[in-house]
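Letters A, B, C, D, E and F name the chains as they come in the text, with residue numbers starting at 1 for each one.
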Amino acid sequence: MEINSGDTAWLLTSSALVLFMTPGLAFFYGGMVRQKNMLAMLMMNFVAMGIVTIVWIAVGASLAFSGTGKFIGDLNLAGLMDVGLGNELFGERYAIAIPDTVFLMFQCMFAIITPALIAGAVAERMKFTAWVAFILIWSIVVYAPMAHWVWGGGFIATQVKAVDFAGGLVVHINAGAAALALVLVLGPRTGWGKQVMRPHSLPLTILGAGILWFGWFGFNSGSALGSNGLAGQAFMTTHVAAAVAATAWVLAEAMSNGKPTTLGFVSGAVAGLVAITPAAGFVNLLGAVVIGLAAGVICFLALKLKTKFKFDDSLDVIAVHLVGGILGALLLGLLADADVNALASGGMEQFGRQATSVVIAFAYSFIVTFIIAKVLDMVMGIRATETQEREGLDLSLHEEQAYVMAD
Amino acid sequence: MKLVIAYIAPFKLDEVRDALKAAGVTGLTAVSAQGFGRQAGHTETYRGSEYEVDMVPKVRIEVLVDDTLAPTVISTIETTARTGSTGDGKILVVPVEDAVRIRTGERGREAV
Amino acid sequence: MEINSGDTAWLLTSSALVLFMTPGLAFFYGGMVRQKNMLAMLMMNFVAMGIVTIVWIAVGASLAFSGTGKFIGDLNLAGLMDVGLGNELFGERYAIAIPDTVFLMFQCMFAIITPALIAGAVAERMKFTAWVAFILIWSIVVYAPMAHWVWGGGFIATQVKAVDFAGGLVVHINAGAAALALVLVLGPRTGWGKQVMRPHSLPLTILGAGILWFGWFGFNSGSALGSNGLAGQAFMTTHVAAAVAATAWVLAEAMSNGKPTTLGFVSGAVAGLVAITPAAGFVNLLGAVVIGLAAGVICFLALKLKTKFKFDDSLDVIAVHLVGGILGALLLGLLADADVNALASGGMEQFGRQATSVVIAFAYSFIVTFIIAKVLDMVMGIRATETQEREGLDLSLHEEQAYVMAD
Amino acid sequence: MEINSGDTAWLLTSSALVLFMTPGLAFFYGGMVRQKNMLAMLMMNFVAMGIVTIVWIAVGASLAFSGTGKFIGDLNLAGLMDVGLGNELFGERYAIAIPDTVFLMFQCMFAIITPALIAGAVAERMKFTAWVAFILIWSIVVYAPMAHWVWGGGFIATQVKAVDFAGGLVVHINAGAAALALVLVLGPRTGWGKQVMRPHSLPLTILGAGILWFGWFGFNSGSALGSNGLAGQAFMTTHVAAAVAATAWVLAEAMSNGKPTTLGFVSGAVAGLVAITPAAGFVNLLGAVVIGLAAGVICFLALKLKTKFKFDDSLDVIAVHLVGGILGALLLGLLADADVNALASGGMEQFGRQATSVVIAFAYSFIVTFIIAKVLDMVMGIRATETQEREGLDLSLHEEQAYVMAD
Amino acid sequence: MKLVIAYIAPFKLDEVRDALKAAGVTGLTAVSAQGFGRQAGHTETYRGSEYEVDMVPKVRIEVLVDDTLAPTVISTIETTARTGSTGDGKILVVPVEDAVRIRTGERGREAV
Amino acid sequence: MKLVIAYIAPFKLDEVRDALKAAGVTGLTAVSAQGFGRQAGHTETYRGSEYEVDMVPKVRIEVLVDDTLAPTVISTIETTARTGSTGDGKILVVPVEDAVRIRTGERGREAV
């Protein structure tokens, strides 16, 4: 297929939008930590833009998208040395009309934000050096294979026949399961449960949410890999699911706590965006509304449950990304509309495939992440000391202060 | 000389300052504070978890005055800052042994 | 017309940009309120992204763009259930080459930001529940008909023959007139005129303005509904009008108050963007300069006048959006260049049509909004209590605090 | 060449992205100044969006892109009055398929951000009125000719045969050299070297960096002036260079100071983006990695050196933009890959051309800026008074306060 | 009456307030502060330049108490705020000559 | 023991702290404040409306000292914070009845 300038324009734009989501996420998370850990939180996200990009061009892209292995790609593309200005590599294969570089960069942005999502769970206590080591290893050992299984021609696509439009499995369940594993190894923040740990700047969280919503159009609609009707459909389902979920969350909240909150609204929006991610290019508008509704209500309830558990998932990665991702991946199995996308048609068969893929993604990510975390903990220690936590990670780990209002 | 310290509601600051000016006070220093007292705190809710926060925003003001002006200052603050509901705040008087105006080096009453 | 990938790419991008304007607007407004009302302000804007989207897909889009009624569309599209991946609905009708979903989402973003604009007028005192009810009703009763009259084949387009490229009537005059009505019903903030109410964070206002300027390219240039010469022209007139108006405002200010202010610069930019909105695709560069100049100077003077009036339009929606919108809609009547766009040619005839449309839009929006506000006030009360205002709406209505710097 | 909707879509998007970089830059810089100068810093950047746009349409664009002069364009396009909706002016000339308006607006955004970059060097002490006069003159006398030499058919392109993909010479070296000249005339901030001047809000700096990274895709990839393989290549080299440089900076820092900092990460990213700018569409991936690595390490070392010098380049425009720009422009001479872009092929010949162009750009910008600054200083004074500096420029020059947390 | 002033570590504020409440104190005012003392400051690094910052974030609290309650207040703060490392802070006692509850106009001990 | 309180211009804080250190002071607590006094306030302009704001940013510092050191502390602040223009600020001295070092429980002069 010849390169099409319109498709390319939308994918260039989408790649930029998805890159922008990582700063957005940084602020979404950053606003929720205490001010003494603000920069450390931002840094955990931003550093993924550095480390994961390097991993991606070195081996990640190749492991995910080169070769025909069931379980893992090959290293033929390592270093991306043979990537030219055309679309020889992926044009025919995916029947897309964009340069290979654009496909690889679009995918790179997904590889970046996925580990960044995990940062919210380990906020305010994980050691920065350990975090860097973690995302470096995790991108290779967990992300790349998962991307290969689902999008690179691996067994989830070809054998399980589950579908995942823009990353319910690869991004959200993957990150959510990893968050759970990492939190279990890491333990709760010092003072957790005793001290009140309030968000230090909700406006910045809300700004981050605004950027996320904006960038998510690139994430989901860009996953059509072209500028066409399917992209339009994914754009619409994305926006509607976010709107419905945000509204549903606030309603649930108002009914349960008495007050609708701003943080609730944006949390609901993110939950809706997460849940629609795997389904965006498979469902019709009604499907999007149902998914949005489910995400808003169920993720909110998941959070209410959270207090029952003994783990400190600081910024609720599990309740939002794991629960939301599972919701979307499963509901898509029921709601997929073959008129929207011939690749999947809702029903028990597709539901079964989706359920299988969810179990596989969850189990793989959880187990491997747990092992990585344990090993890293033995090798280098993954937690900041109590004194560092007390002083705040900004000063103790980065020698910086977020806000200096003097003079 | 006395140092009159008062904790007042933030929205009363402008009014109190103007009243004090009118009463002849020539200076004042204010600081944002958090107070706890009889006034009920408030609930904050973050993602479904409720926190009882019993610290309420207040402004702490400080006025250095000559002994003779102290009663006026107190009663001015009292009447201006009063709304009649809990949380109106308190006024204290602390003795001051010496005072200096940095610019001129004037001391004592001159420095006020 | 077959779907064109380039046109679609630009409209997808534009839709995302226009969505991003609402967070931008939230911060533009949010920075100007006192910190105790920051989240409430952000929430008034963000909630529009939820509520209005739902209204839009349910009935709004249909009322605006389905059918051939003079005054209102029909409900054939309600629920958008028949919208497919193609462009059967709007392709022929508007001679555009983008999927119907994209057209509908692009329009949805306009429906969102219009009521959000009103929020600035009622800041720091309107009850959140009343606001939600208000925008829900208003989107159906005021926005949808107005969009229909102007863009959906209704009488302003077909009988009055006024033109409105990107929403001078539908968005700005509409929101501005509604703001005036709502403010009259609501009354001024407690302490207004006695207490100094300064913006709590101008940097956030300026950030919002930056986002608005950025997003406005989608708003105006996207309104060409294609990626072509007209889009380029609208892009240029938009940028130039903003630049000229911002500069003009700051000059006017420096001459009148002695100091050029940052808030003045961004207010001028927004005024320019407002004024060029109806005209972006109709005027040449000189027209854009004139409109920018007029907007910068006249909106500034409108603000100076404001102190003479007895209403508390907290963040100057009237002086900026109503005055700016009227300016643009009228000047376009004089300045329209048929070489730019054959649909309108400047002169007294077009001016007359524009003036008629302005009067109609203003009157309709003002009157109907006034009625809605009065009814809502009787039914549920639209104002926060004085105690809530004192404590700040963030705590009293949403149980949240914007900034917590402790520990 | 007929206008192509896909190319146009990407260039419209890119123009919007590059415009958005100026607010991004404003926050990048703004977060680093003391809070009392925050608005003044934002204003120096924002005002460029006003003034330079006006200059650009009046004469700048014409001087840069009209006519065939070696040293300067002509005034045939002054006022851009003859620019239509088609691509008669630049279509054939540059073999591009976008409307002339879009080309001119894309270029306008470059003209805006270039002087804005200089603002970082003179932060916290330059008089606002002098700044306005400065950028007005500088845009005409320095920017327009430089753009003409390199991109408008002037002698650097045609005689020196140096290349500059997206503005290493025209933007970064140009701004960096001007910064140096201006700083020498202006002198250091009051209290510099004695008082600790810490960034007042690193989160806002990091937000700005996020916006810059995002917008830079428009800057570099948009400089392909089409939506094609070259745009994809430039997108990839841009992203990779930023990632590598950010990582390299943090590593260098950790090795030299002991702690990796957030400000270091984003400074490295910006350094990488600067250095890849001239090279983005000329080098292969390996080239991008080398340039990123060099930028991260060498700009960091340049900063360490800075303390040895006696000038107060407040926010390190020289170490980042001048050094980074030179690095990129020179390395491109060695690393250019003719398979990527037939226009340049790495080797000593191209290196020589690049070196010549660097010397010319530096010398011209430095000398002419120095003269402008001296003249302005004599005519109107370019520095705020010590009292104004003490009080903060926000209050003393703009009568505004950035943050008002009272009530 | 006495005004007991204490400089404590910020993360101790919640604990100290709760302990004081338990000890019968009915009000308190807190202010964010920067302290310098024996506790080592910290290094901050901005673009390769290191700054020694010897001011450490502290919270300054103030409790107005009746003379008889003062020793309890002091010892409560002392035991609750102590971690045993430098930077735990200090407590001072300042005499108060008069106190007023703004809401009611009550004076002296009544006003506490 | 005395508590020396001073209101100074923010940009003088570093200098004053260093001078006090040099004069033998071992600790100090500072708080951001807003002051009103003889120093003219400033005008702020928001969208064409001018507001006269007469509160000026100040820093309020507090030094607990032994009686004998008090005069040195006062004169050190005085000379360091003085610029000669209005707004230089004031120094007050308040008696302190008792002091405790939280970390060790030391009392009185030992605690300083």
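Keep this in mind: a residue touches a chain if its C-beta (ideal position, glycine included) is under 8 Å from a C-beta of that chain, and two chains touch if they have at least 3 such contacts.
On a predicted model such as this, the values are computed, not experimentally measured, just so you know.
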item: Comparison of D-F and A-C by number of C-beta pairs in contact, larger one; value: A-C
item: Repeated interface matching D-F, over half of the contact pairs identical, chosen among D-E, B-C or B-D; value: B-C
item: Same vs different contact residues, chain E with chain F, by half of numbers used; value: different
item: Separation of mean Cα positions, chain F and chain A [Å, integer]; value: 50
item: Separation of mean Cα positions, chain F and chain C [Å, integer]; value: 50
item: Distance from the mean Cα position of chain E to that of chain A, given in whole angstrom; value: 44
item: Set of chain D residues in contact with two or more other chains; value: 4-7, 9-10, 13, 195-196, 198-199, 201, 207, 227, 257, 259, 261, 263, 398-401, 403, 405-407
item: Chain B: positions in contact with at least two other chains; value: 11, 31-32, 34, 44-46, 50, 53, 94-95
item: Chain contact graph, described as a line, ring, star, complete graph or other shape; value: complete
item: Residues of chain B defined as touching chain A within the complex; value: 44-51, 53
item: Touch list for chain F against partner chain E, complex; value: 1, 3, 17, 21, 26-31, 62, 64, 94-103, 105, 111
item: Contact set on chain F toward chain A in their complex; value: 10-11, 13, 32, 59
item: Parts of chain F lying in touch with chain B, wherever the complex brings them together; value: 2, 5-8, 31-38, 54-55, 58, 60, 74, 77-78, 81-95
item: Of all residues in chain D, those that touch chain F in their complex; value: 191, 195-196, 390-391, 395, 398-401, 406
